[in-house]
Amino acid sequence: MNQRVVVDPITRIEGHLRIEAETEGGIITQASSSGTMVRGIEIILRGRDPRDAWAFAQRICGVCTLVHGIASVRAVENALNYPIPPNAQLIRNLMIAAQYVHDHVMHFYHLHALDWVDVVSALKADPKATSELAQSISNYSKSSPGYFADMQKKLKDFVEGGQLGIFTNGYWGHPAYKLPPEANLMAVAHYLEALSWQREVAKLHAIFGGKNPHPNFLVGGVPCAISVHPDHPGRGKGPHFRGGAGATAVDLTGLQKVKDIIGQMRDFVDQVYVPDTLAIASFYKDWTQYGEGVGNFMTFGDFPANGMDDPSSFMIPSGVILNRDLSTIHELDMNAADQIQEYVAHSWYDYSVGKEQGLHPYDGETNLNYTGPKPPYEHLDVDQSYSWLKSPRWKGKPMEVGPLARVLMLHARGHEQTQELVGMTLRTLDIPVQGLFSTLGRTAARTLETKIIVDAMSGWYNQLIANIKAGDLRTFNETLWEPSSWPQQAKGVGYMEAPRGALGHWIVIKDGKIDNYQAVVPSTWNAGPRDPQGQDGPYEAALKGQPLHDPKQPIEILRTIHSFDPCIACAVHVTDPEGEELVKVKVR
Amino acid sequence: MSASLEKGLNALREVMDAPIASFFSSCVHCGMCADACLFYTETGDAKYTPIYKLEPLRRVWQQEYTLTGRLSRMLGLSKPVSDADLRNWSELVYDSCTLCGRCSMVCPVGNDITYMVRKLREGMSAAGHAPEGVIGATKRTIELGSPMGVKLPALQAQIRGQEAETGLSIPIDVQGADYMALLSSMEIINFPEYLGALARIFHQAGVSWTLSSEAFEATNSGIQIGASDIAREIVGRIVTAAEKLQVKHVISPECGHAFTALRWEGPNLIGRPYPFKVVHILELLDELRTSGRLQTVGKEDAPLTFHDPCQIVRRGGVVRQPRALLGEVASDFREMSDPGVWNWCCGGGGGVSANERAEHLRLTAFKRKKSQLDELGVHTMVTACANCRIVLEEGLEHYNMNVKVVGLTELVAEHLVEQEAGK
Amino acid sequence: MSSLKDIGVHVVHVGGNGNARAVLREVENLLQKLVEKGEESSIDLSGLPLSAEDYDLLEETLGEGEVVAEVHSLGPTRIHETGVPGVWWVTHYNDEDEVLAEFIEVAWCPEILLAPEDDVKDGLEALRARLFELKQESNHG
Amino acid sequence: MADETLLEILKRRGISRRGFLKFCAATTSLLALPPSMAVAVADSLGRLKRPAVIWLSFQECTGCTESLTRAHSPSIESLIFDAISLDYHHTLQAASGHAAEEAREHSMKADWGKYLLIVDGSIPLKDGGAYSTIAGISNLQMLQEAAAGAAAIVAIGTCAAFGGLPHAQPNPTGAVAVSDIIKDKPIINVPGCPPVPAVMVGVLAHYLTFGSLPDLDDLGRPRAFYGESIHDRCYRRPFYDQGKFAKTFDDAGARDGWCLFELGCKGPTTHNACATTKWNGGTSWPVQSGHGCIGCSEPDFWDAGGFYKALSTPVDSVTGAAAAAVAVGAAAGVAIGIANRQRKAQARAEHQTVTIEDLEK
Amino acid sequence: MSAMELLLWARGPGLGIAVAIFLFGMTLRLFEIYSLGRKTDLAAPRSPTPGSGWRTVFSRSLPYQGTWHRSGLTVITGFVFHIGLFIVLLFLLPHIKLIHSLTGLSWPALPTSLVDLVTVLTLIALLVVLVHRLMDPVKRLLSGFGDYLAWAVTFLPLLTGYMAYHHLLLDYTLLLALHILSAELLLVVFPFTKLTHTFTLFIARWYNGDIAARKGVAS
C-alpha cells in the first residue's frame, strides 16, 4: 500500500523544515525535503557595510549562533587580505570549539534524545539499578541512588501535575523505544543536567563575545580587548562585577573562568556525553542500517593554527570523499566556478540564467519567486519547486556535510585520535565499519568529534595565556579597518566547519559596500531539494529505504532527520506516486 | 525715478567693491560701533549708530549684488532705495559723521565703516542730498579756489604781513624748490602766524621751499561732500602746480582732511601716482628735528595737552611725530584719555564744520571733548589741524571753557633757537 | 593555573564611576529615618552600575561590624552587620553560589533573620506534638 | 494540582517562609522594582496559579529560545518554569507534526481566554504569507487564531516586537511585528536580539506575579527593563564624561575600559537592561567584552546607519553632495559675479560727471 | 515617523541636504564678495607699515581697552558665547567624530562634564544677549528678523544638545534627532544670514587692516 505522509512541523530543530516522503509497505521509497521559511537575509545584506555583515549573517541562526558570524568576518578578511593577530585566532578557535561542545551536547540531550529515550518509561525505573548502570559506564559523580530517586520524584511530580508541557503528546510507549527504564531515567537525569551545564559553558562566549546567543565578532580580529591587571585580581563581588575587577571581561578572572569552563566541558563530555552515547547506541544497533544518505562527504576544514591562508595548519582538514571511498580524497577549491554551485530547479527562486543551471556563489542570485500552493495548503507539488532551500552540489554531486563527514575525513587523513576513537566505538558496539554510514553512525560521529575538539581546547588556551604572558595583548588588526583603505572591488570566501557541517559565505565588495552575499549553509547541503538531474539531497536520500512503523507517529523519520541536526524550518509530507492522498497526518 | 536719484544710485553701484561686500556680510548688529561714535555717546540717540547710517548703501549692495537680494527684489520682498530714503539719511551721513574713523577701529568683525560712509556720500551728493553748507563750500572752492572764498590777493596781503613780522622773505612760485607748501583757507584767514612759523622754521633749517600762486589752497570740499569728480578737479590744481614748479615734495598743512585728500585719495582720484611726495608738515618738522636741523630752546612750563586730528593721526598715520615735537617744546605734556589713534573727534570734521544745520549737533557732540578736558584740567590744548582748531575754539567758547588752542607748528616756531638769538 | 598571577603585563587601573558616594548618602538618609521614625528600608544594589572600585569604597566606608549570619534556604543568604550598626549587608545566593540579589538593609534587624510568625506557630505545634510523643513514650516506658 | 499556588509548591518542597521571603526579594530585584515592593510580590506570588503558555515561532533564528535557556538565577527560573505549563514550543517539545499541532489546539481549547501567548519571529505578509508556513498554515493565520484566545501576548525578541532583521531594508518578505497585526490584545514587547534572559524571565515573572501588564513605554516595552538607556547605566559612562574614548578595539583605552562611543556604540539611543543585568549569569555583556552596543532592542536598529559609525556621524557619505554643492555654489557665484561686474561696468559707463549744479539738485 | 527614523533621516539625507545648502551658500557668498573686486590703491603706502591685513585678522579678536569700558556687556557675553560655541562645537567628542567623518580631521576631546558646563554658560550668555538685543535701543534698532533667526538657530542646537545629554523632557533618541536637525537648520540658514560673519569677518578684518596699514596705522 502506498502512503503519503505529512509531518508538520518537525520539532526539536532550528527553524522550519518540510519533507515529502512516500512509503510502500512500511518502507519509505521517496522523500522530499522542504524549507518553508525564508527571510531574504542575503537580499537584506546588499549595499551594506561589509564590516556589519557578520551581525546580519549571524542571525541566520541563533542555535549555532557563532558560525555565521565567523564565516562572515572570514569572508571579508579573505576578500581584503586582512590578517588577524594570533590571539584573535586563538580566541576564535576557543569560541568555535565551545560552540561545538555546547551545541552537540544540547543537540544530543535536548533535541535528539527524545527520539531514543522514553520519558514516561523512566518512571518505572529502579533508582538503585539506575545508579549501578550509571556507575558501570562512567565515574560521573552524580550517580547515587538518591540522586536518581530525586530525579524520578521530580519527574513524577511533573507528570502527576497533569500538565506535561513540552512532553505533551510525545510518542511515549512507541515500540521503537528500546531502552530499559533505568537507561531512560539516567538519560532524563542527564537531560536536566545538560540544561544547567550548557548555561555555564555558554559563559565562555559571554567573556569573549559579550553574550550568548549571538556573541559579537569583528572583522580584523576579536572585539574583546585583554585587560590583565596583576595588582587587581577579580573578587567576584556583587551582581555586576562577578566576572572580575578588570576593565573588560577578558581579565584575570575572566581567563580563569575560561579555563574552568574548558574543564567543565571536558568533564561532561568524558563522563556523561560519550558514555551515554555508547550506552544508548548499544540498544539501537539496528540503526546502523538506515539513514545512510548520499555516500559523498565534504569538509571545508577549520581550526587554523596558522591563519586561514594555510589550510595545512587546520586541525580539521578539507576535502571530498566520493562513494564512501576513504582511500581517495578529492581536493576542494572554494573559488573554482565549476566546483561548488547552487541549483534552484526545485526551489522557489529564479536565476537570470534559467532554473536548470547552477551558479557559483560569487555569481549567486537570490530572487524570491514563490510558486507553491497558497497557504493554508495540505501538500506541495514536489515535481515542481517545493523548498526555500537551494540545492548546492560539488561538481554536480550532492554532498553530506557535518560530523560524519568530518570524522571520516579525519580518519581518512590519518588523524590518530580519530582512528583510535572510531576503532574503540566500533569495538564497543561491535559493529562493522560500514555501520558508520548511518543514522546511528552520524550521531556517534558527533559525539566523537566533540571529544576530539574539547581535548584540543586546552592547547589553544595555554597558547593564549603564553602570548599574554609574553606581553602580546593584540586582539585586533587596525590596518585595514577603514573602508578607504580597501580596493574598489574585492571578493572572498569565508568558510568554517560549523557544528552542522561545512559552511561558506561568499562576498563581493564594491566601493566599500556589499555587492553580493551568498551563504551556503550546512543544512542547505544536507536538506536541500533535488537538483535538475533528479538527484536527492542527503535528507531525502537518507530517508529512502527506511521503515516507518506508524505514519501517525513518524519517530523513525525524526531519528534520521535529527541525526543530521537540522538547522532550518521544516515540515514533512509523504505522498504516493499518483498523488492520491491516503493518509493525512496533519489534520486541520 | 528721478534723474538725480538714478544718478545717486548709479554712483553707489559704481563704488561697490569687495571690501564693502565683506563688511556688510560680516556685520552682526552688535552695536559696538555706537559706543565709538561721539554723536551717539553724546546724544544717546540710537539712529546715530554708525552702521545704521549705511542702510541705503547696504540695501543697494544686497538688492543688486547678491543672489538672494536680487531674488527677493524680483519677488517684491524688498523695496528699492527711494529718494525719500536718501533724504532721510542725509542728516546721518553728513551731520552726524565726521569720517573720524573711530568706529572702524572698534568693530569686532573689522568693518571699515568710515570707508563706507565716504562711499555712500558719493551717491548722496550725486542724488543732491548733500547739506547746503557743504555744497556752498564746495561751490566756492570750485568757483573761487577756496571754500572760504580766499583769493590770491588775500594771501599776498597775509604774506606781506608775515614777512614784516618775521623779517624773512616768503618765497612764491620758486621753480625747482624742494618743497611746495600749501595752506588752508582757515590758516590764511584765521591763523596767518602758521605761514610765519613755516618761514622761520624753514629759514633756520635751510629748507628750500615755495608757495604756488596757482595752488595754495589745500582743502578739498569734494572729499568732504563725497563727490570724486569735484575732488579730482581740486586735487588736479595742486598736482598741476607742483609739476609746473617741479618741486620734490608737497607739504600738506596742518588741516586734516586736506592731508587725506592729497596724500591718500589724490593719486586714486587723478588715476596715477604723483611725481612728488606728499608730506604732512608735522612729518617734515619731525624729520628736521631728528636730523638736527630744527633747534629749539626753552619749553612751555604750563601743562598742556594734544588733540589728535583724526585725519592726520588715525586716518593719516602721523601719530608719533606730534608727540616727539611736543617733547622738544613742552615740559608738562599730558595725554588726554583715549589718545593717538583712539582719540575723539572735535566734532567738526568731514565737512560738519561747514554744515550750518549741524551746528547744534556738533556742539552737543563737543561735550565729549569738554569732558576729556575737564578730566585733564589743562588750559592749553595743542593741535595740528586748522579745522579742529576752529571747531575747538567755537566749542570752548560755547561752553565757556578757559582753554587756549595752539597750533603745533606755531608752538615749535616760537621755540626756535634762531628766533631767541634774533631777539 | 597559578601562572595567571605571574602575567607580567601592566594595565592602568580603571577608575570607579562615583555611584558609591550616592549610595552612601542614601544610606545616611535611611539611617536617619530609622533613628528618627523607626522606619526600616533597603537599597537594591543590582539596579546600579557599581564598579569594583565602588564596592571597595562602600565596604571600606561602611566597615565590618560585629554580627555575621547565614540563612540556608533556597541557597545560602549571607548577612553581616557593617561597621555602622543598623546597616546590614544582605547577599542572596543560589545553590550554585551565584549572587541572586544584593541589598543594603537599614533596619534594627534584617527581615530575613526574624522568624516568620506562621513558621513560629507551626514550630509551636510541632514542638507540642513532639512533647506529646515524648510523654506517650515515657508513659509507655 | 494545577491549582496549586507557588507558596504551596514551595512548602511542599520543604522550603520555609524565610526561603519564600528570599525568593520574593530576589524576584523584586529581578523585576527591577523597589525593595519595598517585596511584600506585594510575596502577596501575589502566594496566590499564583500555573497558567498555560503557548510559544509560536515564526520568522526567527531560535536565538530567543536559546537565550531563554541561558536564563541564570536558576532557582527562580526553574520555579517560574514549574509555575507555567509550556504546552507548545517547537524547539523544545517532544512531539512533532500532527501530535505537536494537536497539543497546541488542545491547550488553546482548554485554556481559551486564559493562556499566555509568546511569539518570537516576525510575520511575513507578502504573497499571502508564503514566506513562512508551519503545517502549511501561514504565520499570519496561526497568529490570529492563537491570539484570539490569549489573555495577553508577549512579543519576544526584536523580530516579533518590531519586525527585526526580516523587516530590515528592503524587507523582501513583507515582515511585520506582532503589534502590526494584533490590535485587540494586550501586547508586551520584549525586544532584543535576543532579549536578555533575565529580562524575559522578569517580564514573565511580572505577568505571572501580578497577572497584569507591567508599566510599558510608548514602544510597548516594560519600563522596568527598558526605561533607561544602556549609556546611562554603563560602567564605562564615566569615561564618556571624562572624554576618554577607545580609538580602536585593542588600544590602551580599549584595555582600560574606556568609552566605546567612537567605535560606534549605540548605547545612548538604546534602551535595555544589559548594563545592569548583564548576560549569561552576570558574566559579561557586549560593552564589557569590548564591542559597542549595536542597539538591538530598538526598532529598525539594523538600518540605523552601521554598527561602527559613531552616533553623531553621518549615515551616508556627504562627500558627493558636498562636492556638488561647492561646484553649484561656485557656478552660481561665478554667474552672479559676472552679472555684478556687468552691473558695475554699466554703472561706470553711465557715469555722468558730478558737477556743482548736481549737488544742488 | 518614529524618533529613530527621524534620527536616521537627520543623520542621513538631512545632513546631506544641510551640508550641501551650507556649502552652496557659502561658496556663493565668497564668490559674490570677491567678484566685486577692488581698485588698486595708487597712493604710495607709508613705509614701513605696521603689519598688513593679517595682523588685524587676529588683533580684532581682542577689544580695545576703551571698548571694554563702553560695551562691556556686549564684549563679555560675546566672548562667552563665542568661546563657548567654539568649545562645544569643536571639543565635544561626538562633534569631533562628525567632523572627522566629514573631513578626516581629528583631535582630542574635552571632558564631557566640562563641555556641559560650558554649554550652560553659553546658553546663559545667549539669553543675556537676546535680552540685551531686545532692551538696548541701538541693538533693537539694528535688529530685524534675520537677527532673531540667527539667534534662534544658534541657541536651538545648544539647547537641544543640552536637553539630550541630560534627558530633559523628551526621549534621548528624539532629542538627539532634534539636536541634529537643529544643527542642520543652522547650516541651512547660515549662508543667508549674518552668521556668514564666521567666515567673512576674516575678509573684512583683512581689508580693514590693509586699508589702515597702508596709512601707517595698526587698526
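Lettered A, B, C, D and E in written order, each chain numbered from 1.
The rule is short, and it goes like this: a contact is a pair of C-beta atoms (placed from the backbone, for glycine too) under 8 Å apart; a residue touches a chain by one contact, two chains touch by 3 or more.
Fair warning: this is a prediction, and the values are worked out from it, not measured in the lab.
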Common contacts of subunit A and subunit E, by label, are D
With centres defined as the mean of Cα atoms, the chain at greatest distance from subunit B is chain A
Highest contact count belongs to chain pair A-D
The chain whose mean C-alpha position lies nearest the overall protein Cα centroid is chain D
Per the C-alpha means, the centres of subunit C and subunit E lie apart by a whole-Å value of 57
The distance between the C-alpha centres of subunit C and subunit D, rounded to whole Å, is 34
When centres are defined as mean Cα positions, the distance from subunit D to subunit E in whole Å is 39
Separation of the C-alpha centres, subunit B versus subunit D, in whole Å, is 76
Among subunit D residues, those touching two or more other chains are 72, 74, 235, 255-257, 276, 281-282, 332, 336, 340, 344
Touching at least 2 other chains, the residues of subunit B are 16, 65-67
The positions of subunit E in contact with two or more other chains are 28-29, 32, 34-37
In the complex, subunit B touches subunit E at residues 16-23, 25-32, 34-36, 40-41, 44, 46-47, 49, 51-52, 65-68, 104-112, 115, 263-268, 271-274, 277, 314-319, 338, 341-342
Subunit E contacts subunit B in the complex at 28-29, 32-39, 41-44, 46, 56-57, 60-61, 63-64, 66-67, 70-71, 74-75, 78, 136-143, 147, 192, 194, 196-197, 200-201, 203-209, 211-212, 214-219
Per the touch rule above, subunit C residues touching subunit D in the complex are 11-12, 14-18, 41-44, 46-49, 51, 71, 73-75, 77, 92, 94-96, 98-103, 111-112, 115-116, 118-119
Within their complex, subunit D touches subunit C through residues 15-19, 21-23, 25-26, 28-30, 32, 34-36, 72-76, 233-235, 237-238, 252, 255-257, 275-277, 281-282
Residue set of subunit A touching subunit D in the complex reads 6-16, 36-41, 43-44, 48-49, 51-52, 55-56, 59-63, 65, 85, 110-111, 114, 119, 160-163, 165-171, 195-196, 198-200, 202-203, 205-216, 218, 220-227, 239-240, 242-243, 246-250, 254, 257, 348, 368, 370, 372-379, 388, 473-476, 478, 481, 552-554, 558, 569, 571-572, 585-588
